[in-house]
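Pasting the structures here.
In what follows, chain A forms one complex with chain B and a second complex with chain C.
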Partner chain A sequence: MTAPVAVATADTALADAPKPKRRRRRRYHAGEVLAAYACLAPSAVIFAVFMYYPLYQLFVEATHQSNSFGTKSRYVGFGNIGDVLGGSDFMSGLGHTLLYVVYTVPAGLILGILLAVAAHRHLRGIKIYQTIFSSTVATSVAVTSVIFLTLINPSTGVLKIDILNNPDWALFGVSWSSIWQNIGLSFLIVLAGLQAIPEELLEAATLDGYGPVRRFFKVTLPLLSPVLLFLVVVLVVFALQSYAQVDILTQGGPAGATETLVYKITQNQSPRLMSNGAAMSIGLFVVTVIITALQFGLLSKRVNYDQ
Partner chain B sequence: MTSDARVVDDAPAAGPTVALGAAPEKRIAGSSRLRPLRLTGWYTLLTVLAIIVLFPVYITVVRALSTPVAYSDARSPLYPVAIQWDVFWRAATSQGLSRALLLSAIMTIVITVAQLVTSVLAAYAFAFLEFPFKKTLFGLFMATLMLPIEVTLIPNVQTISDLGWLNSMQGLTVPFLATALGTFLIRQGFVGVPADLRDAARLDGYGHLRFMWHVAVPLARPVIAAFTVLSFLAAWNQYLWPQSVETLDNWQTAQVALSNLPTAEPATYNVGVAGALIVALPVLIVLLVFQRQLVRGLTAGAVKG
Partner chain C sequence: MAGVTFDAVTKRYGDVTAVADLDLTIADGEFLVLLGPSGCGKTTALRMIAGLEDITDGRLSIGDRVVNDVDPRKRDVAMVFQSYALYPHQNVAKNIASPLTVREYRVDGENEPRKLTKAERDERIDEAARMLGLEPYLKRKPGALSGGQRQRVALARAIVARPQVFLMDEPLSNLDAKLRTQTRAELVDLHRRVGTTIVYVTHDQVEAMTMATRIAVLDNGRLQQVGTAEEVYDTPANLFVAGFIGTPPMNTFTARVSEDGRRVIIGRGGNAALGGAPLADAAPSPDAALTAGRLVLDDAKAALVRPGNDVIVGVRPEHLHLAAGDDEHSGDAISGRVHNVEWLGHEAVIAVDVAGSTIAVRQRADRELPDVGADVSLAPAPGGVHLFDPATSERLG
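Then we have the complex of A and B:
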């Protein structure tokens, strides 16, 4: 295994390093630099081999076309990436994924606010309710899928809902499992936001004659907005990466109606289709970069309540 | 993100975390006490919401306990029918699941421990040491957050296959032995370590390793604990990657083994359902025991930076 070896290397390097002197500007201390690179090496190797090299590899694969056995490949150019990303297969995957965002994100936001507002008060036993509301954070996508499959099974379920076999509604049905699973995380994040709001502000609003509803919309919600934006980003990323629920609940069906972007990528792994799959992965990467950039933009503008 | 000494503060009220149960001292709307009627109203609302949230889990338990044929003959009631109390034992000891659970456990421990070690080391370098290309390297580390396994799946499966690591523990774990999230979170904890302490340790002749282990890590313990819980959950709950590199049935992890359920024999369907509940159990225990750490980790980015 790589890890223990790498750690041992770092150990020796650190032990050999001379005692750092009190000097921190511009000129570097050789021992300190050595220690730093030794500390970074294990992570750097993993990132290089399993994150940056694959990114490069995606562009190589997307610009080459293989035969069915993967024995021969020829350069087909960057135009191939454009062709795939503009093609109907990628577009339908992207469409399903964005639809999944629409189904799950607003619902997660509303449920998170509802539950957190309900459970953010001084009551005996409130901790039990808070634990229950946050409990779905522990269930995996696979376990959640089994729970929903069992619950809405058209022949043996308690709620006999034949939604997963209907091409028009199957994706919406799959999204129920995600909406339920996201409850725990949404609740915890909004509750953290509520607890960070200074009480004096709310009391001042009350003294100014604000009723509960007006106070919520005029004071609480604006103060909560940075937390809610963070929650939206997290939920969008979850939706963009949705795969296991589709794999377990519908296998992309019926008739491809629930094939999300990641599901499409897994369907394009064979040597013959790999250039398509790689181009789609690049498409997913671009979407991820946009979302992450948005996230950093939002986070840097964030209000810090505690100061 | 600014440095924040409070990250190393273990006090639940002061940390960047939501403290479950720590509701405001006074009721939000003024200082008058809740009238009994409103009190009943709140408890009713909370209980209804709790029942709705737990309903799918309750039904899953009912289905696991019920004999499948008897249950559908009884038209899928809300209570168990012809209860098989031994179903959980049968599920846990069934050949497929017990092996899958063991595999998942080993994979999770390897990934969590390795991520902890690699992240503490990297975080130490970024927080305490000066070296060339520090900013560039930090940027390159953080940028890996934009390269989730969903994006790099196809080339990574290729790499693992080329290394001959399909259906192996290396294939399951090696790509996840380091994570930028851990480096970031733990660095946040480290930069809160007061400069005085560093100077004092240096005067006492502490080398890097001793300072890291005896001063920095203990002070950043809350953040490290939070990251450990997150890392454990993420590793245990993985699905796409294990499914992609473990092509043989006897190399399936517990989560992936759950995908066999839809095609299971109707007569033993409840054993599969019980299996799903067993797979959820370790994380549920972690949630209950390490609630504060988990919440701190999950909300680390939400409230403070």
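Then we have the complex of A and C:
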């Protein structure tokens, strides 16, 4: 996705330099070809075993219907995938999942930037704050979810917020736990990005008359853009795959209000429902690919890779 | 335009004093070079002018205005950074325009400063781009420029603001040798054309000698000497300056004034560039060490010393005349043995061992060169002897 940008800079760079000779494609010896394939083999095997074969198996499952015991299955065709993906179950799961993206990604991004900017200072003891802010990276989703549950428990918790039992608000409630969980990662990534920006650049901006706010939006943010694009993509994928927090906090309830796609997929695991689950997995895969491609397509034009 | 005045300015980081009690007046329109080895406080001094470092003590003025507590944005200075600090996401035109978009400027014939109009900004950008030959590159990003071009963009960004003072922090250090020589001349030319005060930091004495109207030599946070290139070279104020300026720098010898007060008896010698001791606090004792030779003092020098005093004698490498054995200099010479000969085409630098350490002799390459291992005698040219106080390192006379 970065290719157009790179080509553009290379072209302008060489505008008045002598044109480099086009590299001639040469023939490789049989030994070289063999060596190349030998080197590729380990990753090819790993991909085949863990990616391509499961993907193939997914299509097999999605196009076959089993009986309740999984002992017999018959081919039901690709129409089954279309039926499942067009059905209300998948659509409601997709709706919850997309809403979850909207709840968690912008909040995670903004909080990550705020905390990183706050902690990117040369102060005594700042490492302590940096460690605290990044601590959730080292904590599993299960642990944060349980802590969160205890924290907001309506009768015994510190915060006593009864949000997970309200169908209109439960998904929003679950998203808090995710936002909190993601803060460590967002913080670390943005902080690393900030530390890569040369101090002299910000000093130059100061002498050019930029105040702190303008300096942030005109210099810091553009230079952070590759890091932020990466972070958005990661946070969106996390949100699309959210499962554990739902399972621990609400088990999809109340009344299915927090059933995300992955949660629904896991609910369709019995032999009879396996084809539905497989079809939904394919749907999630397609949605993830489309959204990620859109992000790169739309955002990478605004991202600056020059350093 | 304005000058800059340091009035007893001190900068401390915790227990470390980076700049100590600096008194320095930089005249309006001057090209002043802050010269010294790394860690001497020159960059800190420059950054204090810019407002990028707080001032611990003393007063710093730009023109008539004390700027200790003035925000960097309001100081009306422009800085060229060692890394150039160009905005990588903006093209050259935008980089150059950067100081014009935010700050307010006083326009000729108007009383109140205001933001410039687009036409005024474009005019200034075009002028700067023309002056520095950047017109073909205005639409490029810095990443697509060579080091020399980036350096010129950084200069253009400084020029468009028409500041009171230009601050430059080792702006040539990232260029190759040839480009550096060329850019030195361009900077001098630029200074001549715009006439603005320039404060320029470098550790390279050649840059200082070739560009500065005056050089301020710093060491260890303290100002050692301020003067023109000639003054700093011909009459170094102390042993540090003597041992820092010149390639190779001045040779120094421990010595004692003879009983008649007309001669100095030479002990050990050394040259900072050859790994020899600069002899900052050395005294020629015990007496037995005074065996390397003796030199005659002229009347002016003899008046500065008393018989029996310890002194440090300094002689520049080009002021030492070299002769084979004893034939030419009779008794008043330093004897040594040739250690190495570096032939550089237009000149030769001859390393000579004198009483255990090495000094440098520079002579024209068309004269006959001694063989390595040959015994030689050395005598200074008339007026070539400098005397320093061994206790304080300060120059005598």
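As a convention for this text, the second predicted complex is superposed on the first by the 239 of 307 C-alpha atoms of A that agree within 3 Å, B and C clash if a C-alpha of one lies under 4 Å from a C-alpha of the other, contacts with A are read in each partner's own complex, and residues count from 1 in each chain.
Assume a contact is a pair of C-beta atoms (placed from the backbone, for glycine too) under 8 Å apart; a residue touches a chain by one contact, two chains touch by 3 or more.
Predicted model only: the values in this text are computed from it and were never measured.
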- For A:Trp180, select first, second, both or neither according to whether it touches chain B, chain C, the two together, or no partner. first
- Which partner does A:Val76 reach: the first (chain B), the second (chain C), both, or neither? neither
- If you count the residues of chain A that each partner touches, which comes out higher, chain B or chain C? B
- For A:Glu203, is the partner it touches chain B (first), chain C (second), both, or none of the two (neither)? both
- If you stack the two complexes on chain A, which partner ends up touching A:Gln57: first (chain B), second (chain C), both, or neither? first
- Query: Is A:Ile161 touching the first partner chain B, the second partner chain C, both, or neither of them?
  - Reply: neither
- Task: Check whether A:Leu98 is in contact with chain B, with chain C, with both or with neither, and answer first, second, both or neither.
- Result: neither
- Under the contact definition given at the top, report the residues of chain A touching chain B in one complex and chain C in the other. 203, 206, 304, 306
- Message: Residue numbers of chain C touching chain A in their complex, please.
- Response: 50, 52, 72-73, 77-79, 81-83, 85-89, 98-99, 102-103, 136, 139-144, 157, 161
- Which bits of chain B are touching chain A when the two form their complex? 1-2, 6, 17-30, 39, 42-43, 45-47, 49-50, 53-54, 56-57, 59-60, 62-63, 68, 71-72, 76-78, 110, 113-114, 117-119, 121-122, 124-125, 129-132, 134, 137, 140-141, 144-148, 150-159, 170, 174-175, 177-178, 180, 183, 199, 202, 205, 207-209, 233, 236-237, 239-240, 243-244, 255-256, 258-259, 261-262, 269, 272-273, 276-277, 279-280, 283-284, 286-288, 291, 294-295, 298-299, 301-305
- Touching residues on chain A, where the partner in the complex is chain C: 9, 12-13, 16, 198, 200-201, 203-211, 214, 219, 222-223, 225, 304, 306-307
- Note on the structure: Per the touch rule above, chain A residues touching chain B in the complex are 1-3, 6-7, 10-11, 14-15, 17, 19-20, 22, 24, 28-29, 32-33, 35-40, 42-47, 49-55, 57-58, 61, 114-115, 118-123, 126-127, 129-143, 145-151, 155-158, 160, 180, 183, 185, 188-189, 191-193, 195-196, 199, 202-203, 206, 212, 215, 227, 230-231, 240-241, 243-244, 247-248, 262, 265-266, 268-269, 274, 277-278, 281, 284-285, 288-289, 292, 299, 302, 304-306
